[in-house]
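Chain lettering (A, B, C and D) follows the sequence in which the chains are written, and residue indices restart at 1 in each chain.
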């Protein structure tokens, strides 16, 4: 049974990009550097194997390499949270075991996908996983990937029952997330609401989300840590200005020529290109079958970084 | 490189249910009996590890058990086609290797899922897999699971290039499938169009699809083989009557009380209940987190079978 | 109260294009010619003010002109069915009154749209309209426009209650339509199932649909009448060949350069261009804000017509 | 040509419910009282004939009654903005003329609906309407109703060209709305961004939206005016508390028993029930085919109002 809440999660928890070598293997040296660079910026946790980390493109052994590398590098300075992303309960459990064995502090689990699943079955999914796990479970609300959205009442129920230790809300539905914050106030000591948005982070923190998991935090972790600290100080006007600056920087996700590739490959490729340009990782390759950014497209990323004073 | 078309696929190719034991492991004895029962009915191929086979709920080792059991039982009497279903190219490849090693004759591959993928990246996915595979590849068009639909022009192009050996169309878009049949006529000797529909199989065969992959074929393989033979003889009126009978039988998928579980768990549970009632498999359990049918719901399946003369 | 079934509808019932003048008004002279040309081809009914007729782009007075012109021209040779398309019950009723006053024989009604409506409210919509109408009501299942799909059980119930005289199924879900045919067999004398598909018309007629409403029937009514007659004679093989020919012809809907305009404007523009090229109507203009086909795009329509022997 | 920006719109602009009599006609006496009650609360504008106002359920003559009543009652104290909601350009223009003649100050227009429309055609729609109109045009982004979302680049372009005077964003995509605010800063003197959300109004105002159009503002206009004033004073902490209180109150939209009717009829029925309970309007009837709230459901609305101190 999970002992939900045994590790407090909150603050800025970037979802790490997974640096790859030219032949598509995990570049552990670059991953060490990325981890150190994020820690140096003062982030409050590290989320590996999320959508930004291309979890859906990594073989099981590669996923293990990622967790192992980041857990060792973080060395308990901050919690390491691992995505255990697969289609259904029986397929998630081996990933969960792997995360446990490699020392992750918490795990992140989506609703079942590929299969169509009823709300009662989604709830069953989490109850079975909690029964099987020694780690706190964060539910990952990401309709763009799994094509269902969590029922807020279910999340509150699973939080109250100790099945879930929180939710990472990447649904883009800020009004819904605010409802979660309000509904989970009575259990706020053991149930966290984290926003997955890069673009309204200041709002989410202002209305009571306990943390943020911004993909753009790979590129500018200092900015998000600054934003967090401004909100903690109650300086929402300065936080808004920082957020607006980060919003502009986020435009780098549109690096690819319109229509040439998908939004996901453009965004993840741009994050990696930025990390390479900033000297953090060696290679900007994304995983197959994503198309790579070309020279002109990478130049757009460079320009964005220069404008933002990050180069 | 795949040698697409080296095995002719066509006719009735049921997507096998995967019998489970009470604790959720593959029941290989039941799977042997299911395979023999389908072969005895005269089916023309066996498709393992499709959606009906709960592929998304089986661990990698369980998938191997399924392929191994069916390949050995089929003993080259008919082709065995294996679903190698996972999110992206790097994660599909290990399943593909497994299918090769265990003796599958062809593989079935969906578009990437969980991640959002551009059409150019879907095409890249298939080209990379064909380059990596010694087996013919059937593309699996199943938007309800992967949330994209194949571009017919892409399929025709990949067929002409020898990347694909065919398509299994489970999109429900019969007009679109007919367009595929017409567009692929010039390569019909090496590119098959298979319908995934249980309910308009006669139509699809009449307009030129070379085969069908009906989930209900687990329950009544004789009916679908009869339907196939009627179409081959050109007796479309009798084929229609057989199809109408199978349509009525298909009503067993609605066994579950309305709203109690999802359509998928109701349908797959009903197929398994029917197989158990017919004495083919030992246990009607579906995989976690699917909810099981209760006694009243199973009674509805029994009634359907009795009306259809299958008990 | 509607006297559902008082006029038998069935066979080939083309949804008439609405010819417009260069300034966007109804070109009644061209509409008379279009009606006469369809009657000369032997169609069994005329459906005005459907999606093909750009009903959503016509002012109320223009809708009246269309009904009036076609009713007068048809002169009771075949039934005239009028779409009374608007968002909700109170807004449909004035269109319904107009159709009654101008002599339409039946009306065609969609589910409410723009607003989100519960199934119980969709049923209420039809019951209220039937109570208000002296004309038989055909329910129009067109999810691409209204974003809901009818519940087959509701349709059967409304058919049995005399609220509905039939359904025009433009959902593209042939398996679902077949279910409707089977479910409505007991009331088949007073409830018709019409397919809205141009591309699987032969299948729908073979499995028991009583008629078809093919937009392409504007361009080649003779082909669809021939198809109908072949199915009536039981010559499904020849019907299939005719359908395949019409499928190829249907390719003219893709006349527009990829990405330049929507599929709807391309298709409706191509139908009108074909009618102009065949000398039936004077002007190929579609309604605002649809973009017009350019010279190169119209040349593609011409080529299709030449290949089909229609020029 | 529209003289976009000639009337400044901003602040709290409630979308008025349309009170109906028991037989479904506009209750102009109640509408006068609702208008006066909102003006007394200090709202900054009045939006009639929006989704909350059941515009899609009102006949043309009823729409005229609504505009006329509110324009006369408002007597130029605040701007009156009228929704001119219909499927396409030719059908919107008569509504636009009506709004002009009856003295509306601005109009609100959605993308075309029912028909599928290409982005270039949506842009054409607005350009044609601006050419036809003497009133500033606010674009209404409401994907739940029209099933397309505006391209932000298009909105910025139309704002710069003077075609649009602003956008009312009811998409629920706060991150996207923030992008609009940032992108339209150079034209912020003549292009307003208004949020349609009741639940994150404080956030939207904090990041730069110039106003809000909250449906719940019918029930508690004082709360939203207070919220507005707190944001103007820079007291975002107090604004958040007010918003959280309004969030709780918003729970009245779930008055209906689960599954008995749609979310829209439950919400609009609850707003009207609250207005009746507060003595503002005479009758809580919603339009056909919406189902009415029953006694138990209305009791839930009453409880919410009591808890909120509004009774």
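Keep this in mind: a contact is a pair of C-beta atoms (placed from the backbone, for glycine too) under 8 Å apart; a residue touches a chain by one contact, two chains touch by 3 or more.
Not measured: the values here are computed from a predicted model.
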item: Fraction-based call for subunit D against subunit A, same above half, different below; value: same
item: Most remote chain, CA-based centroid, reference being subunit C; value: A
item: Length of the line joining the C-alpha centres of subunit C and subunit D, rounded to whole Å; value: 35
item: Centre distance in Å when subunit A and subunit C are each reduced to the mean of their C-alpha atoms; value: 49
item: Chain-to-chain touches, reported pairwise for every pair that qualifies; value: A-B, A-D, B-C, C-D
item: Contacting residues of subunit D [partner subunit A, same complex]; value: 172-175, 178-179, 182, 197-200, 202-203, 206-207, 234, 236-237, 240, 243-244, 247-248
item: Residues of subunit D touching subunit C in the complex; value: 24, 51, 56-60, 62, 85, 87-91, 94, 112-118, 120-122, 124-125, 128, 144-147, 260-265, 287-291
